Structures are given as structure tokens and as C-alpha cells.
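The letters A, B, C and D name the chains in turn, as written, and every chain counts its residues from 1.
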Amino acid sequence: MGNEVNAKQILSAAEEIVSDVADFGDAVNAEVRYHTSGRRKNAYVYIEVTASQWRELALWLKKSKKVDYCSMITGIHWPENADATWQVVAHLLRTGVTNPAVVNKRVHETKVDIEGISGNEVPLEFEISMTIPETREPSVPSVADIWVGADWNEKETWDLVGIDFDGHVGMRRVLLPHDSPTGYHPLQKQHKLRYHDFNEMYDDAQGFGRKPEDSGRVK
Amino acid sequence: MAYHKHATPNFRNLIVRPMWITLKAALRTFPIIGRSKFLQSHGTSKPYHGQEANLLSDAEREMYTAQAHPVIGQKYAPDRETTELFPHFERPVTVMYPYERLEEMEPWLFVPGNYNGRIGVIWETCTACKACVRICPNDCLHMETETRVNVLDMTEEGDENHGFGVELEVGGMAARRLEGSEEAAANFQLSTAHEAPPEEYEFGEVINLTGDTISVRWNASGTVEDVAAGEVVGAEVDIVSGRIDLGRCMFCGLCMESCPFNSFFMTNEYDGMSGFTREDLWFEADRTRVLPVQHAEAVDIELAKRADQARKKAEKAAAKAAKSEA
Amino acid sequence: MAEMWISMGPQHPMTHGLWTLKVKIDGETVVDTEPDLGYIHRGVEKICEARDFTQITPYADRLCYASANTWSHAYIYAAEDLLEVEVPERAEYIRMVAVELQRIASHLMWLGAYCPDVGNLTGMVWCLREREMMMDLLQELGGSRMHYNFPRIGGVKRDLPIGFALRCRAKLKLFLDRIQEYEAILDESTIFLVRTQGVGYAKAEEMINHGVSGPNVRAAGHNYDVRWAHPYSIYDELDWEPSVERPSIKGSDCYDRYRVRVEEMRQSALMVLDGLDKMPGGADTHYQSGDPAILGKAPARAAEGQTGFHHFEDSRGESMFYLAGGGDERGKHPYRVSIRSPMFITIPYASKCMIGYKIADIPAIMGSFDPCIGETDR
Amino acid sequence: MILLATEDVLTIRDWVGIATDFVSENTIGMSRHWEYTDSVSNFLTEFIMCVMVFGGIMTTLLILLWMERKLLGRFMDRRGARTSLRSLWVGENGVTAGEWWNQLPFGTGVPVGMLNQFLNEVAGNDHELEAVSRVKNRSYHGVWWMLPGFFQNLADGMKFLTKEHMVPEKADRYVFEIAPFLIIATTVMCFTFIPLSPNFYSNNSEMSILFLMAIFSVAPLGVFFAGWSSNNKYTLLGGIRSAAQLTAYEIPLLVTVLSVVVLSGSFNLIEVIEFQADSGVWNIFLLPLGGVLFLVAMVAEVERIPFDMPEAEAELVEGWWTEYGGMRWGLMFASEYLRTYAACLLFAHFFLGGWEAPFEDTIPYIHYVPHILWVFLKAWFMFVFFVWFRAALHRVRTDQILEFGWRWLLPLSLVNLAMATALRLWVYDGINGEWPLLIPILITSISLALFILLSVDEDPEALEAQTRPFSVQTVDVASPGQHRE
């Protein structure tokens, strides 16, 4: 019924971005990818970038491509992969939100004419991935001054995964207690979940053990 | 969207309007006055408050009529529980649990199998496949050994699925139906009893298996008794599911869905799962047991399935035997 | 009086959960604020790394008690993106019904909490009265009252129960009429207006830059909504448009944020009614659990390198799950689950929004952003 | 002694006087200290009347609390089941709570048991659900007219008595302990000069209104003490808010009371009532504005919604009494309601003719109805409004409260005082000391017309323009999201 952005609009917007990203050269690889779920295989832009280029790319996205919203910045720890032990994934959105127009001191709410939008107005999803080789102190540039929404995402990523962000002001623990030991970042893979191991089930720390007569009989 | 058309701070809205709407709400709760026309709506809409609504589809109406369920004689408004005095008196919103229970007033909320209450396992059909234990996100479900009768042994003589059960043998287990147990099982209120269901069988060890009589040493009394062959059926010590740490259960119902043998249920019991200590929440398997009569349909399906398998197996074995003989 | 710090929380009526808002006040005026989160951090992301894709659903439910269904659906859509699953259309409709009912219930819970924030208990009790109807409907669907564990990868747990459509229509019609009673006690109350109007200004572009989304942005005058901007499910087949408010020149205030949620409840109720009519197979037919019409086939494993993410319109803004495949048990577990919580980003913004207002405005402003700490702390 | 115009069938004070006279004459009067007979008699009368008035107030306070609960239940559309009385009384399945009557000596409890058995049969619960037997101490809601939950507050009081008394470690201990007594004592003292009927009051002094207003204003000092001494920032804010608010509303209140005094020509409360009875017109019909002002100022004085800033639970947890617990808290809570009760009684006395029955002169035999009944009925009627405000309205912000008090109530109360003066001087005293019938009718109808006019008045332009006139921001917003290090 035309009350949604259709796949064609999204695809052409995504392709535009991918062709423009080529200006950055080898440091930035972009491709159009598709969601695989559901009825609609929406396109989104997938960009691989080196950490050093990330800030530049972010500024370009913000300024020329009107990418105005940072949805999530998160990190993954791949301890078995020496080339890319640390991965930072950023999800950005282009929302096209503007302040409502003011005419004659009267505010007029914005209702987007969805069929008519094109170019930089089309809402679009971005997935941006960067990898860092094996290091004790992983770090990527911060984009918290470009999108303020990245501020607490970066705090959380440092708090839980341990990836630091250069240039981030006021980095601190957000979800873990403030007095957590330095270097303790629970989402790193060396911290194993003791729990939910199938064999440990009967040695419940809370005391609900195996029935005495069942020992040896029930696995 | 436009604003509400009266939303300006002025004298009218200072006290008159809010006090008017609260007065209306208050007057609605009084008998007889509350039925007056001007209280049934607000603004320009059609009357909506206290309007009778049909909340039962035809299929449900038929079903509840067949059960002679009290819900049939009751009238409903969409947001109110029912009362027989509906036209002039509205009941207080409090449901006086445990004297009144919601499932008597709105039974559609508690359709067995659709409601995630305490878990329940039919021992007779459980095969100890551990699918439920594996799917449990919290590791709260355990297996346990219990003496039980196989579902195939539950058939009466003459039933088409009869005769595939456990063979009686010396040193094996035998079971005898307790007197009055069928009645007790049928009267057992699964969701309000808060205790283990009544024992249906007594179990014993087969000592002698010659002729028409079988000597059994009953586990409970320790006495040896000769009983007629038709009186006892085979039994076995088996692993069944259903031992649970309810303190960790989050009632997600994945165990019920994972069960491939129609043996695992979420019952309608929502009370009786509390205690003063953590240990009170550790339920042995007999507490979560569901008697076959409670879910006779599921048991029958499973029984037919198993009997079919056994029949095929027997046929195959017979064919094989015939082949080898030939 | 000199400036002093007050620690509001972790147990304080304003916080709607467990967190601390440190407020520096000068007399009655707020000078600076500093939020402190993490009191109920449960490590859901780590827990999920040791769970099957099916087993994660109940954990996703438990991210937010007021809006459980939207969270489990947000997870399910991401998991389907990871596992490349097709969903039957009927299941999409049922999911829409479940999510929109949950959105109404969540907004009612919010309004119910907001009324005592500005000092009126009647509004709370009225809202919870209607929430009861929504919870009854959701209980019929999911079998529980709060954490429904309703969606499954590839479809839904079970079809609409027999008679559900009948009761759903009756209750929603009553609800649509009842909304005007909330408006009568809130919109038509001068004290409510002077408490919420002109308080807690926030502008649309500023909010988007700060990562605030959903109803809060729509209150600021732009109808951005994940449901049409990054479309999913069957919302294009429904007759709807996102609710949007007309704020004042200085930006949206608490009153706008209240209005947009009321309009959204109305919108969601109409969407459910519309969806029940348009449902393929009809809303009154009933398929058995596991029927292909409501539950498609889904693989249980994801290889390393596969990723899935899905932006989802939660009751409080844009939520997202990011899943990386290739975890333990040969890919049966995800390698990494990352959760984007709208409130985690909004709470810092909201706490800066209240600088310059009075202490009495703190609950009014904070409440108007609809904080939910379960999802914030994860 | 004032000569009362109103005749009352219940001349309680006279009866007590006769009894004490008899007692003192037959004891002291017979002894060698016979000259003290009158003094002892007077002392005994005062003492007994004090006890009776205080007892009557405390007993009927239960009605107030009960009314609040039940009315709120109806306003909020959450009418609960009624169980509390019957949980003591009629049990289910023949089981009652402890069968306490069997423990009474000499079989005095037997009739109680029989009555309970009878009630059990008539109204008891014979539900056969098994779950019933698991919770013994409740009963089926069955008969809906059983006096529901009336004695809840006695149970609450017993609970408060068993609670530990806790003082915060770094509290200013002496002030912390004194504050509740200051509040409670002054509240109780209010009732010394509030008569309940022409023959049922504890004391009557010439300047009773002056004393009343003075003693009524002491409690805010206690509130401030409590807020200050608790060593808690919330209580401190609550105490200061309370001080600011009560000062702002004390003055309009006093000016309004002054207008009543001017109109009636006396500082004596009983004379004010008698003036209304004599002239045949209740003050509310002469000073409707005064009635409204008095009511609003009183709501603010007793700190109820919409003016409950000092204990605003959403922002200040529990305001100035956050740190109190146990019976001190319970008594302070009771004194809140006692102050509300006093406000209701004063409104009835000042504006609704006190113990004067409606149309006392025209309806025959109505003066045989005990006058104390009218006082209570009027007070309870006023309390309905207090509850109704609470159900319908929101809490006002601090600066708005003060602005409303200083900029609206104070000028209006001065206008009201001028009106009262004019009425008294030029109308009442001008025309042989009585009200011409035209005056109250004219004033009432003009006020009603004004009220209706204001009630339908709306400004559609303001809605269209989206004006936000109530901006209070005083500090520049720090850029949200940026941390100030």
C-alpha cells in the first residue's frame, strides 16, 4: 500500500553508497548485503574498514551521506583468530529525521512521503566491521563526538568486551560494578560459563543433587 | 495527530472536568445508579461501559455446555469478570482467590496445554529420551528412577492394543491395581491438590511363575502372595522425567513442546508451588506426575502408536523366524 | 542553600527500576545529573552464548517485564536473519497481533506509572484495569501472564486459540473507547498540563543524534518508525500510519511524549483489529501447534561467519539483536549475542534533559521517556 | 456562658454538669473544703468533656479513614472485596479465627459464639474447593453489605505499636524525638475549641478562633523540625517545602477566616455558628468565594493532593517523615487526618452553619434530631471533597504552588475580606441586623453563573498555537549526553 519503504528504494540507496565508498580506496571495502529472514530480503550496506580509517569513514557518512543515528557499537573476541582477535561491529541507521518545520510560528509535524523519497532521504541500515589483530590493549577510534548515541555504546563495549575507544571522554564502567578489577571484561572468551554444562547439571551449586539411590543409574 | 481538543490549561480543566470523570467512574460502581445511560459512555461515543459482550465462540459454547460448566449461564462485559447479578450489580474486581478461582470464571485463559503452569509428566508414556532435560534453558529438570507400569500394560483384555506389554518373569516386577484406585485417580484434582497423585498400583517382585498363579512378594508389605495370572501386569523400574527444582523453573514451556511422546505437559496448577525454603521447591518426580486418566487422549494416541510399533516388530520377528525356519 | 548532590535510587519511586540518578541541586533547581546503571546486570549476553537458539527466546522475554513479547520477537527476527528462515504469512500476522497487544500493554504500564509520577493514583489504577484485558489476551496466546515465550524461529508457538478473535475484538473495542477516559483525566486536567507542558524539551534531530528513537522521536514531530523505514513483517499490508505529535517550537516536552503514546495505543489497537480481518486462513480457524501454516522449518546450527541482526520497533524505541553464528556445540549456540537496548541509550539523554528544571520535574521528565531497567541493564 | 439560640435535645454538657455537681457536692461539699465545690465540679466537667470530645473525634476518625478507602476504591474503579471484619467473625466451613469467645470467662462469650454460628449459616462460605481449607483466616465475600473493613485502622495501629522505634544514626536526636510530639499535641489541641454541638464541646473561650488558628499553625514548625533533624536530604527538602508552602497558604487562610469573623462579628466559634443560626443564612451563601478559598487553603494546610509537595512520594520518597517509623509515624499519620478532620469541621462551622439543621425553622420537629449529627454529617460531606480532589487531581509543582498561593489566593482573600466587611457594615448592620432574603440569593446566583461561565470558557487559539506558557527552566541546559568532568 506504499506505507513502507520498498525494497527497490533501499537497494538503489545502498548501491549508491557502495559506489561512493570506493573513493576511500583499499582501506574500505563495501558491499550490498541482504537480510535473509522473513518475506522481504532488504538490502543493507556492509562495510569493512580498518580501524585507522574508521573515524574518517564515520565523518564522511555523517556529513555527506546523512547517516544520523548510531544504533549499536559492539565488540567480539575471537581468541583463536590471531589476525582478527578483536572485532568491532557498528550498526548505523540513516533515519532521515529532521526537526519539524515551523511556519508562521506554527509547528507542522513531518509526515514523510514514503514513495517520493530518494537519495540521502531513504532510510538505510549499515553494518560496519573492523578487526584488530592480537593485542593486549585493543583500541579503535571513538565516534562519540560524531554520534552522541555511540557514547554509552562504547562505554558498554569497553566495560563488557574490553575494547577501548581512543578519544572517548569519560570512559567508565556502566553495567559492571564500579569496583570491578581492572582488566576484567566478562564477554571475553577466556571467561567460561561454568553453568549449563550438561554433565554438571546434577552437581547443582544450590544443593539440588541427584537422588542417592539414583547415583550411578541416572546419567 | 491532533491534540486533544480541550487540552488547554484553563479553569474548566482545573477541577470541573477531572472531577466530573472521576465522579462518573465512582457512580458506575453503585448498583442501579451505575446502570444509568449517561454513565455508560463518555464524550460522543456510543455506550461502552458495562455493555454485555459475547466472549465465547460457538465451539467453546458447545464444549462448555457439554461439560455443564458454570460459565455458560454467565454474562460478561469485556473487562469484567462475571456475576449472575450482572444487570444491576457489578462484582468487586477482586477475585477472592482461593475461594473463587479465575479458571471458573474465565476458563478460556486456562485451557490445558495452552497454560504454562507447573510441569507434569505421564510416567507411563515417558521413554527417558531426555529431550525435555536437554531443552531446559535453566537446567532445572532432572531424570529419576521410578517403578511404573508400561503404557502398553494399561489396556484391558480384548482391547485391540492388548498384549504387547512387559512379559512377567521371575525376578521381574509385577503390579496390581489397588482397590478403588481408578475412582481416586478420576477424582484427583490435578491443579488444586498440591500433592502427589494417588498410587494406582502396588508393586512387587515375581517369585514364582508356574501355572495359573503367580507368587509375588509385595514391596510394601514384604509378604508373599499367590495371585491369579489375570490380576497382575508386568512392571519395570525405569527412568522418568519430572524431578524439578521449581526455584529455577521459568515456566517457558519448552520442555512440553520438545516432548515427542505426548508425555510432558504444563498443567493448570498455578498455586501450591511456594515454600519457605529453597528445598521446598525441589519437587520429586511423583509430585509432578500426571495420571493417565488426566490426559487420556494423549495416552491413547501414544498407546496406539507404541502398540503399532510392537505389532510391526512382532510381525517382523515372526517373518524372520519363518524365514530362518524355511 | 548551597548546591548539594542527592542520590535518587537505586530504590526510589522515580526510577521505575533499579538505578541511581545522582542529582546536583541548587535549592529546588536541578543543576547537574549523572546516571548510574548496572544494578540488575544479569549478563544475558553471556548466558545466551551457552544456549541453543530456541533456549534464548525465554531469556529475551525476560529483558523487560513490561514488554516481554516485543523483546522475544526482536530476538526471533534476528535469529531468523542468522539462520535464513522463511516464516509463514499467517505466523507473521499472529506475531503482529502479539507484538501490538504487547505494545498497548507496555504503554498502559507506562501511563500507569506516569500518573503517580505526577501525583495521581486514579490514572494508574484505570490503566492497570485495561492492561488486565491485554494481559488476558496475551495469556491466551502465550500461556503465561508476563513472559510468554511465544515466537519460535520460523513461526509461532501456537495458533490463535479458539475464540481469541472474538474476545480480542470485544476487548479492543472497549479499550478504544476507554482511552478517552484517560484523556479526560489527563488531557483535560489543568494541573497535569502545567506539570507536563513546557517541561523537558527535546528536539528530534538532537534525539536521533543521541540515539533516542521510537515514540520519543515521534513526539518531537517526525514520524520515523522502524516499521516502515526498515520494514519487516506484514505491516505494509495493514492500513496504518505511525502516530506523530505536533510539538511546540522549542521541541517536544513531556506532554508530547504522553500524547504520542496514547495515540500509539489507539494505533496499535486498530492495527490488531485490521490484522485479525486480513489474516490469511481467517482469524477464527485454528491450526494445531507445529502446523506448517504457522511454523516453518528452521535449521538449528549457524556456521562461523554468519551474522544476523534486525532492527525492531520496540515499545520504547529501536531495539536490536546482533547474533554471530558459530558458537559451541558445533554452531548450535551463537558465538556472540549483542543486545541494543533503547533505554540504555535514552536514560543518559533523559537525565541530561532535566537540567534546569525543578526537583518535582525529575519524575515527570524521566517518566515521560518510559525507562525500563530490565532491558537497560541486561 | 453564652446564651445559645439553638435548643438541643442532647444537652450533654448540662448532664455532665449535673452529675459532677452532684458528685462534688456529696464529696467535697460535705468535707471541710466545701468552698472548693464549684471549682472541683468545673474541673471534673471540663475533664470529662475533654475526654468525651477527644474520644468522639478519634472514634469518628475511623469513619473518615474508612470513607477515604472506600471512596477511592470507587473513584478508581477498583472496588475490592470486603473481608476484614468477617475474617475476625464469620469463618468458612464453620472454622473461625481462633473462636476467641470461648476464652472469655464465665461463659460470657457464648452469645457471641451463637451469633457467629448464626452468621455462619446465613452468610458464611460453604464453598467446597479444597483450597479453602488452606487459608483459614479469610472468608468468602458473600454478603456485600457486611460492614466492610471499618476497623482496619485499629489493626494498623496495633501493628505500628509493635514496630521498632528507630532513629537515624546521625540524626539530631532530641529534635527528632520532639517533632512528632509537637505535631501530634498541637493537632489534638485544635479540638479543644471546636464544638461538636451546642452542648458538646470541651471549652469555650472568648477568642477561640484566634487560639485555633494559632495552634493550627504550630504543626508546620514540627514538620520543619522533623525534616531538618532526620539528617536526610529528602526530609530536609520536604521540611523546607512544607515551611514555604504553609507560610504561603497560612495568610490567605487567616484572611479568609477573618472575613468570616468580620461577617459574624465575633472571634468565638460558637458565636459564629449562632450568628448563622440567628440570621437564618449560612455563610457559604454570603461568602461563596470565602468558602472556596478556605477549602483550597485548608487542602494545602493539611498537605493533601494536589498540594502534597512536602511528602510528594514520587520525588521525595516520603518527604519529611521518611525516617519515622512505628507508632510515631502512625500517630503523625493520624494527626494528618485529624488536621483534615479539623479542617472539615471548621468548614462546616464557618460556612455551613455548624450544627444548624438545614431549614431548621421551616421543617417541623427537625430540631429533635440531635445537633451533633448535623455537625458530623457536614464534616463528612466536606471530607468527600478532600477525597474527590485526591482522586481527580495531580500534584502541583513547588513553584506553581507558591505562585498560586501568593498571586491568586492572597489577593482573592483580600477581595473576600472587603466583601465581608461591606456586607456586614452596609447590609447587615444597615438593615436592623438581619439579612434581606435577596442578598444571599443574589450572591449565590451570581457566583454560580460566574462558575458556569468559567467552566465552559475555552481558548481554541491557545491550543492551535501550542503555547507552552509554563516554562520554568532557569539554567542553560548542559549539552545532553556530554559528561561534565
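As a convention for this text, a contact is a pair of C-beta atoms (placed from the backbone, for glycine too) under 8 Å apart; a residue touches a chain by one contact, two chains touch by 3 or more.
Since we're looking at a predicted model, the values are computed, not measured.
Asks: Pick out whichever of the two, B-D or A-C, is joined by more C-beta pairs in contact.
Replies: Answer by contact count: A-C.
Asks: Would you identify the chain whose Cα-based centre sits farthest away from the centre of subunit A?
Replies: Of all chains, D has its centre farthest from that of subunit A.
Asks: For which chain is the distance between its Cα centroid and the global protein Cα centroid smallest?
Replies: Chain C is the most central one.
Asks: Just curious, how far off is subunit D from subunit A if you go by their C-alpha centres, in Å?
Replies: Once rounded, the distance between the two centres reads 60 Å.
Asks: Round to the nearest whole Å and give the separation of the Cα centres of subunit A and subunit C.
Replies: The mean C-alpha positions of subunit A and subunit C differ by 20 Å.
Asks: Counting only Cα atoms for the centres, state how far subunit B is from subunit D in Å.
Replies: That pair's centroid distance is 54 Å.
Asks: Using mean CA coordinates as chain centres, what's the gap between subunit B and subunit C in Å?
Replies: Inter-chain centre distance comes to 32 Å.
Asks: Among the residues of subunit B, which are close enough to touch at least two other chains?
Replies: Residue numbers touching two or more other chains: 3, 6-11, 18, 21-22, 25, 93.
Asks: By residue number and range, which residues of subunit C touch two or more other chains?
Replies: 51, 122, 126, 129, 185, 189, 191, 194, 197, 210, 244-249, 348-349
Asks: Where in subunit D do residues touch at least two different other chains?
Replies: 75-78, 391-393, 466, 469-470, 480-483
Asks: Touching subunit C in the complex: which residues of subunit D?
Replies: Listed in rising order, the residues are 72, 75-78, 233-234, 237, 240-241, 305-306, 308-309, 312-317, 390-400, 466-484.
Asks: In the complex of these two chains, what residues of subunit A are touching subunit C?
Replies: 1-5, 35-40, 42, 68-72, 74, 76, 89, 91, 93, 95-100, 102, 105, 107-112, 114, 123, 125, 127, 147-153, 156, 160, 173-177, 186-187, 191, 193, 195-196
Asks: Which bits of subunit C are touching subunit A when the two form their complex?
Replies: 37-38, 41, 43, 45-47, 49-51, 77, 80-81, 84-87, 89, 92, 203-205, 207-213, 217, 220-224, 227-237, 239-241, 244-249, 307-311, 318, 320, 322, 324, 335-336, 338, 340, 344-345, 348-349, 377-378
Asks: Enumerate the contact residues on subunit B facing subunit D in the complex.
Replies: 3, 5-12, 15-16, 18-19, 21-23, 25-26, 28-30, 89-90, 92-94, 96, 98-99, 101, 189, 192-193, 271
Asks: Would you mind writing out the residues of subunit C in touch with subunit D in their complex?
Replies: 1, 4, 6, 8, 12-14, 28-32, 34, 115-122, 125-126, 129, 185, 189, 191-192, 194-195, 197-199, 201-202, 206, 210, 246-250, 253, 348-349, 352-353, 355-363
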